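Shared chain: chain A. Partners: chain B in the first complex, chain C in the second.
Showing the complex of A and B:
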C-alpha cells in the first residue's frame, strides 16, 4: 500500500518535473523573441502558473470552476452561473505520453493529453473543476466525453453537424438551456437575465479589447511576434475574463504607444504568415515558434485557441432571456468555422478575409497527427489558396519534440520560397516602373 | 418542431378564416358609430356662419350627428323645398321633410328657397335671387366621386369631389368658363372662373371645408346663391376625439389578446426546458444591464422619418386645415385614403379597386381627370421605381405602430416569437392570400377596405368616423401579432410586396461584401422580414429581396467592417463597422483611465 503510494507519487513527481521543464523552456523561448511588450508578461505569468507550477486558475474560493473543451461552450453562461470557465484542451507533451496508454494509437494528441491529465492528476486546474462541459464535435472529443465522465461530472452538448436550417440552431438552443440547468445545479446559483446580461457585457469588453488589439496585430510592418500573441490568446483559457480584458487594455495602450513611435519589430519585407488548422495549445507552440525563429512574421492565426475563440461577438437582438440565449446559440455555432461542421465553406471565406485584412503572404496549415477533420479540409484549402496565388504548406506534427528538426527544415524552406517569390514580384514591379 | 407545427396550423386556420369572413366583412361589426342619416338630429340655429351669404344655411356645431339649419326669412323657409340623395335615386322630400328622412338617405341635402327679390349689387334694381344651401354629411361626406343631384328643380348646384375641387352645374350641365363670386369663412370675396369642365380649381381646401357661398349670375338679373357646408370639424374638437374611440377599443382588445396568447404560450411550453422561469426574467419594465445601445444616427433618422410619416399621413393635413396638400402625388405606404387629411394621396384604394380607377378615365370623368389619373399613376410608379420598400421602413405609419408594439414588448421583458425559416414559409401562404384579396377582391364584389386593418388606424387618427367591421378584428390581430413578432404585418403586407417588385431600379439598395462576412447570422436574427439570403449569400453583392424594407437593422447588428451597407445611387451611406458594434462594451472613460494607469 505504502509502496504503491510512493510509486504513484514518484511517478507523478517525475511527470510534473518533465512537464514543467517543457513548459518552462517554451515560455523562455517565447520571451526570448525580441521586443516583447512589457504588458504581455502577466499573460505569460498565468501560463507559467498553470503549466509550470501547476496551480489552479485564479478564482474566488466560493466560485466553482467549470472545465470546457472546444469553443462551442458559451463562457457567458458559466460566468452567469457564478462559475469560472477553464479551457482544458491540453498541449502537454507529458500528459500526451500518459494518455497514449488509454487512448487508441491513431487518436489525436490533444485528446491523448486531455486523458493523460485525467490520469496523472497533476494539474490543479483540471483537478479542481466541478464540472466538465464537452461539446460533441469531432469523433475524438465524442469519445473522451464518455471517458471523462468516469473521472468527473460531465455535461455533453450536442453540436448540430450542420447549420443550414433554423432547426439546427434551435436544437443547440435546447442544449444550452440544458447546460444552464446543469450549471445551476453545480454552482447553486441561478442564471438570470441580469447575470447573463452582465456576463455578456464582460466578455464583450474582452472582445472589444481584442478587436482593438487586432489592429496592432495586422500592422504592416509587424509590431508584434505572433507566437507571443498566440500565448496571450492561450492565457485567456486560464484567466477570469475581466482580468484578461483589463490586462489586454493595458497591452493595447502600450501597443498604441509603440505604433505612434513606429517601433516595429524588424524589417518589413519578411514573409507574413498565417497559421491555420488544428489547435495550437500551449506548451505545444513549436510550429508558431519555428515560423518566427526562421524569420517569418506570424501575423494571423485561424485556430480555435487563437483569434477564433474571441473574434465573433454575441449579437443580442432581443434583450429577453430567451433572446440572449438565442444570441449565444447563434454566436457559438453559426460563425464557427470548426471543420466538424459538414459544410464548412465558411472557413475558406474566413481565410480569404484574413488574408486580405492581414496582408498574408503564405499559409501554414497545421495538422495534428490524427486530426482528421482538419486534414480533410487541406485539399480544398490548397486549391482555393492556389487560385489566390498564396503558397501553402501542410505541416503535420505530434506532441513531442522529435519532429522539430524536420519541421524546422520544411518551414525554413517554405519561408525562403516566399521570400524568393516576393523578391521576384518586387523585381518585376521594379522593372515595370523603371 | 412542435412550435412549427402549431404555427402551420394557425396559419392555415387564419387563411381559411380570412377567406370566408372576407365575404361577410361588412356584417361583422365591431364598432358602429351610427353614421346613418336617420341617426342625425336636426335643430335650428340662429348663428350665421361666416361664409354664408345666402339667406339659408346648414351647420354642424362641435359634436357629431347634429345638423343645424338656419334662415333669415321665415316665410321663405316655410315654402322651401328639400332634396335628398337616396340610394334609390334623388328625390324631393315631402313638406316638413327634415323630420322624416327616408331611411336610405345618403346624406346629401339641398334646400332651395323660393325666388326672392333683393338688391344685391346696390344698383337700385332688385334682382331675382334663388337662395339655396347644401350639406354633405354622414358616411357619404367627402366622397371623392361627385355626388350630383342633376334634378330639374335644382338649377344651380355645387358638387364637392376629388377632395379639393368644386364642380359647378347650371341647369344640370357643367358650367364652363363662367365667373363666380365666392364668399369664404374669413369674409373674403373672391372671383373664380370655372374651367372647360366646370371645375373650380384652386379654391383652398380650408375655404371649402369651413363653408362658403358661391354666387352666380348668368345675366345680371337672375342670381343664384348656394351655401355649401361639408361636415367638418376642427382638430381639437370632441368629434375628432370621438373618432379615436374605435382605436382605443382595438388597442384594449389587442392587449387582452396579447395577455391571453402569453398565458397560453407559457402553458404550452411549460416543459420546454428552462424556458419560462419567473425568477429568471427581469420584472416588467425593469432596467436591463445588457449594453444594447450603439450610437446609430441612421436608426435615429429612421425613427424620425417614421414619426414624420405617421404625422404627415394622419394628423398633419387636419392640423394645418389644408387637407391633402399634394393630393395628386401618390405615395405608396400603408396609410388609409379614407383619411382625407393625409398630406399626400395613398394609392392603395385604387390598386385594390382597380375598376374604380378605370371609371376615372371614363366618360363620367372628362379630360381633367385623365390628367389626374396620369399624375396619380406616374407618381405612384415613380415612387415604386425610385424608392420601393424603403418607404415601408421609413415612412409607413403602420410600420411605426408595429415598431412601437415591439418596443413595448422589450420594455415588458416578454420574449418574442421567433419566426424560423419554416414558420416564415408557411406565413407566405397568408401573404399570397392577402395579395390575391388586395388585387382581386373587387372582382368578386368585395371591398378590400372592409378587411384592411390600416383603415382602423389612419382614419381614426385623421378624425374621421369609421365603423369597424372585419378590419377591426384584423387590426386586433395585427397589434397582438406585431407585439410578439416584429413587423408582423409587413411579413404579409400585399401593398409592400407590390412595392418591392421593382427593386432593381431603386435608388436605395442593400449591398453585401461577401468576403467580409463571417456568416454569424446576426443580420438574419435582426431582420424583421426574416430574409435568410442576407446571411447565406456568398456570391452576389446584391442581397436585397422583394421583402427587404431597407430598415437598416441588419447593418446595425452586423459586427464586420463593410460587410453590409445601404447604398444610395451606388454610394454607401450607411455601413456596418466592427468599431460601431463593439464599442458599446468599452468601459466608461473613467474606468478606461483606471485600466491604463
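Showing the complex of A and C:
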C-alpha cells in the first residue's frame, strides 16, 4: 500500500515538475520577446500561477468554481449564480502524455490533455471545480463529457448543429435554462434578473476593453507581439472578469501612450500573419511563437481562445429575465463561427473581414492532430483565400515539442514566400508609378 | 459482367466480387436467393431518371417507419464501398472515416446523378455527418438534417421527437403524401414484424451454426437496407427461417473458435474482416455493430404496437445503442448481452480509422471482456485492401491464443 502510494506520489511529482518546466519555459520565451508592455505582466503572472505553481484561480472562499469548455457556455450565467468560471481546455504537454493512456490515440490533444489533467490531479483549477459544464460540440468533447461525468458533477449542453432558425435558438435557450437550475443547485444562489444584468454588464465591459485593445493590435507597423496578445487572451480563462477587464484598461492606457509616442515594435515591412484553426491554448503556444521568431508579425487570430471568445457582445433588447436569457442564447450560437456548425460560412466572412481590417499578408491554418472539424473547413478556406490572393499554410501539430524544428522550417519558408511576394508587389507598384 | 442497367460499373464489380466470395459461405437453400438478389439490385443502382424525387438517407439511425409511411422507398446510403470512398477523397480531410467518405462518394459521384429535386436526409450523429451535410448542400443537393440530441433525458427525447416530426412533415411535402398517425403505426407494425423475423433468424443461427454461417447472418441483416418492400422481405425471411428450422444442426465450421465482431459497422461490400475470420477458421457468432444491435434491440413486443407513435419514438431514442452518445450504457449493455447469449471464445473489436467514438468505448468494453474472461483483439483498418495480410497475421495469432485458452480450460476440466 505504502509502496503504491509512494509510486503515485513520485509519478505525480515528476509530472508536476515536467509540466511546470514546459509552462515556465514558454512564459520565459513570451517575456523575452522585446518591448513587452509592463501592464501585460499581471496576465502572465496568472498563467504562471495556474500552470507553473498549479494554484487555483482567484475566487472568494465561499465561491464555487465551474469548469467550462469551448466558447458556448455563457460565463454570464456562472457569474450571475455567484460562481467563477474556469476555462479548462488544456494545452499541457505533460497532461496530454498522461491522457494518451486513457483516451484513444486519434483523439485530439486538447481532449487528451483535459483527461490527463483529471488523471494526475495536479491542477487545482481543475480539481476544485464544483461543476463541469461541457457543451457537446465535437465528437471528442461528446465522449469526454461522458467520461468526466463519472468523476465529477457534469452538465452537458446540447449545442444545436444549425443556427439559422428560431427553433434552433429556442432549443439552446432551453439548455441554458437547464444550466441555470444546475448552477443554482451547485452554488446555492439564485440567478436573478439583477445578478444576470450585472454579469452581462461586467462581461460587456471586458469586451469593450478588448475591442479597444484590438485597435492597438491592428496597428501597422505593429505595436504588440501577437504571441503576447494570445497569452493575454488565454489568461481570461483563469481571471475573474472584473479583474481582467480592469487590467485590460491599464494595458490599453499603456498602449495608447506607446501609440502616441510611436513606439512600434517592428519594421513596417514584416509579413502580417493571421492564425486560425484549432485552439491555441497555453502552454501550447509554439506556433504563434515560431511565427514571430521567424520574422512574421502575428497581427490577428481567429481562434476560440483568442478574439472569437470575446468578440461579439450580448445584445439585450428586452430587459426581462427571459429577454436576457434569449440574448445569451443568441450571442453564444448565432455569431459563433466554430466549425462544429453545419453551415459555417460566417467563418469565411469573418476571416475575410479580419484580413482587410488587420492588413493580413498570409494565413497560418493551425490544425491539431485529430481535430477533424477544422480540417474539414481547410479546403473551403484555401479556395477562398486563393481567390483573394492570400497565401495560406496548413500546419498540423500536436502537444509535444518534437515537431518544432519541422514547423520552424515550414513557417520560415512561408514567411520568406510572403516577403518575396510583397517585394514583387512593391516593385510592380514602384514601376507603375515610374 | 456487363449489365445494361448498372449505373456504376466500378461499384457493381466491387459488390459482385464480394457477393461471389460470400456465396461460398451461404447455405444452398433456394430461399436465400431473394436476399442475394436484393443486395445485387441495390448495387446495380437506382434508375435516376423520371420526375419523381428520390429519397436518400445517410446511415441507419433514422427510424425507417417515417420513410415507409410515405409509401416511398429510400436508398439507405450506408457506406462500405472502397471505390466510393476513393471518389470522395478529394473533398474531405485525410483522417475522415471511410463510412463518411464512402457515403459522400456515393452521393457526389457523377454517375449517380443525384439531382437537385432528390432529397438527402442526414442524421447528425458525428462531426463528419455535419460536415458531409454541408459539402452536399454546397454541391447543390437538397439536404435535410436531423439533429440527434446527445443526452437522452426527457428534454432531449422531446427534442428528438420534434426533429423526427419535422422530417416527417418535410417528407410528406416532398412525396405529396399525408403522413398520418395511422400510416406511421402501420409502418411501425410492418417494420416490427420484419425485426421479429430477424431476431428469430438470429436465434436459429445461434442454434444451428453449422447451417447458418456468420457471413450469411451478416448478409441477411444487410439485405434489410436493400429491399424495396419490407413486407416482402419479412415474408421471405419467415420462409428462410422455416427452412432453417427443419434442417439438422450440421457440422460446426469454426475450428478456431467462435467470435463476436464488435465496434465499427461492417457494411457490405467491405467484408474484409468477416471474410478473413471465416478463412482462418473462426465461426462468426454475431456482429455487434450499431446496425445489427439496433435490429436486435429494436424488436418490440406486439402489445406495444398500440402505443402512439411519438411514445414509441421516444422509447426507441432512449434505448438507442449508437456510440454517438456521451453515456453509452445501452451500447455496452447490448454487447454484454450478446457476449453472454452467444458464449463466444473471443471478440474482434473492429475500428474503422477515424471512427473515434468506437475507440472511446473500448476502454469500458475492455474491462467487461476481462471480467467475462473473453480475449479480444482490436483491429484498426479502413476500406483499402493493402492491410489484409497484416490483419490476417494478427487474426491468426489471435486464433492461436483462443486455441491455447481452450486447451487450458479443457485441461482444467
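Here is the rule we go by: the second predicted complex is superposed on the first by the 434 of 434 C-alpha atoms of A that agree within 3 Å, B and C clash if a C-alpha of one lies under 4 Å from a C-alpha of the other, contacts with A are read in each partner's own complex, and residues count from 1 in each chain.
Methods note: a contact is a pair of C-beta atoms (placed from the backbone, for glycine too) under 8 Å apart; a residue touches a chain by one contact, two chains touch by 3 or more.
Small disclaimer: the values here were computed from a predicted structure and weren't measured.
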| item | value |
| --- | --- |
| Joint occupancy of chain A by chain B and chain C, clash or fit | fit |
| Which superposed partner A:149 touches (first chain B, second chain C, both, neither) | second |
| Comparison of chain B and chain C by chain A residues contacted | B |
| Touched partner set for A:323, first chain B, second chain C, both or neither | first |
| Touched partner set for A:431, first chain B, second chain C, both or neither | neither |
| Which of chain B and chain C A:261 touches, first, second, both or neither | neither |
| Angle at chain A between chain B and chain C, C-alpha centres, nearest 10 degrees | 90 |
| Contacts of A:174 with chain B and chain C, given as first, second, both or neither | both |
| Partner chain in contact with A:136 - chain B first, chain C second, else both or neither | second |
| First (chain B), second (chain C), both or neither touched by A:102 | second |
| Shortest CA-CA distance between chain B and chain C [superposed frame, angstrom] | 8 |
| Overlapping contact positions on chain A, where the chain C interface meets the chain B interface | 167, 174, 178 |
| Touch list for chain B against partner chain A, complex | 1, 4, 272-275, 279-282, 288-292, 410, 413-416, 418, 420-422, 514-522, 525-526, 535, 538, 557, 559, 578-579, 581-587, 592, 595-596 |
| Residue ranges of chain A in contact with chain B within the complex | 165-167, 169-170, 174, 177-178, 180-181, 190-194, 197-198, 200-201, 204-205, 207-208, 211, 246, 249-250, 253, 311-313, 315-324, 326-327, 330-331, 334-335, 337, 345-346, 349-350, 352-353, 356 |
| Chain C-facing residues of chain A, complex | 102-107, 136, 138-140, 142-143, 145-147, 149, 156, 158, 160-162, 167, 171, 174, 178, 339-344, 370, 372-373, 375-380 |
| Contact set on chain C toward chain A in their complex | 91-96, 124, 126-128, 130-131, 133-134, 137-138, 145, 147, 149-151, 155-156, 159, 162, 324-328, 353-354, 356-357, 359-360, 362-363 |
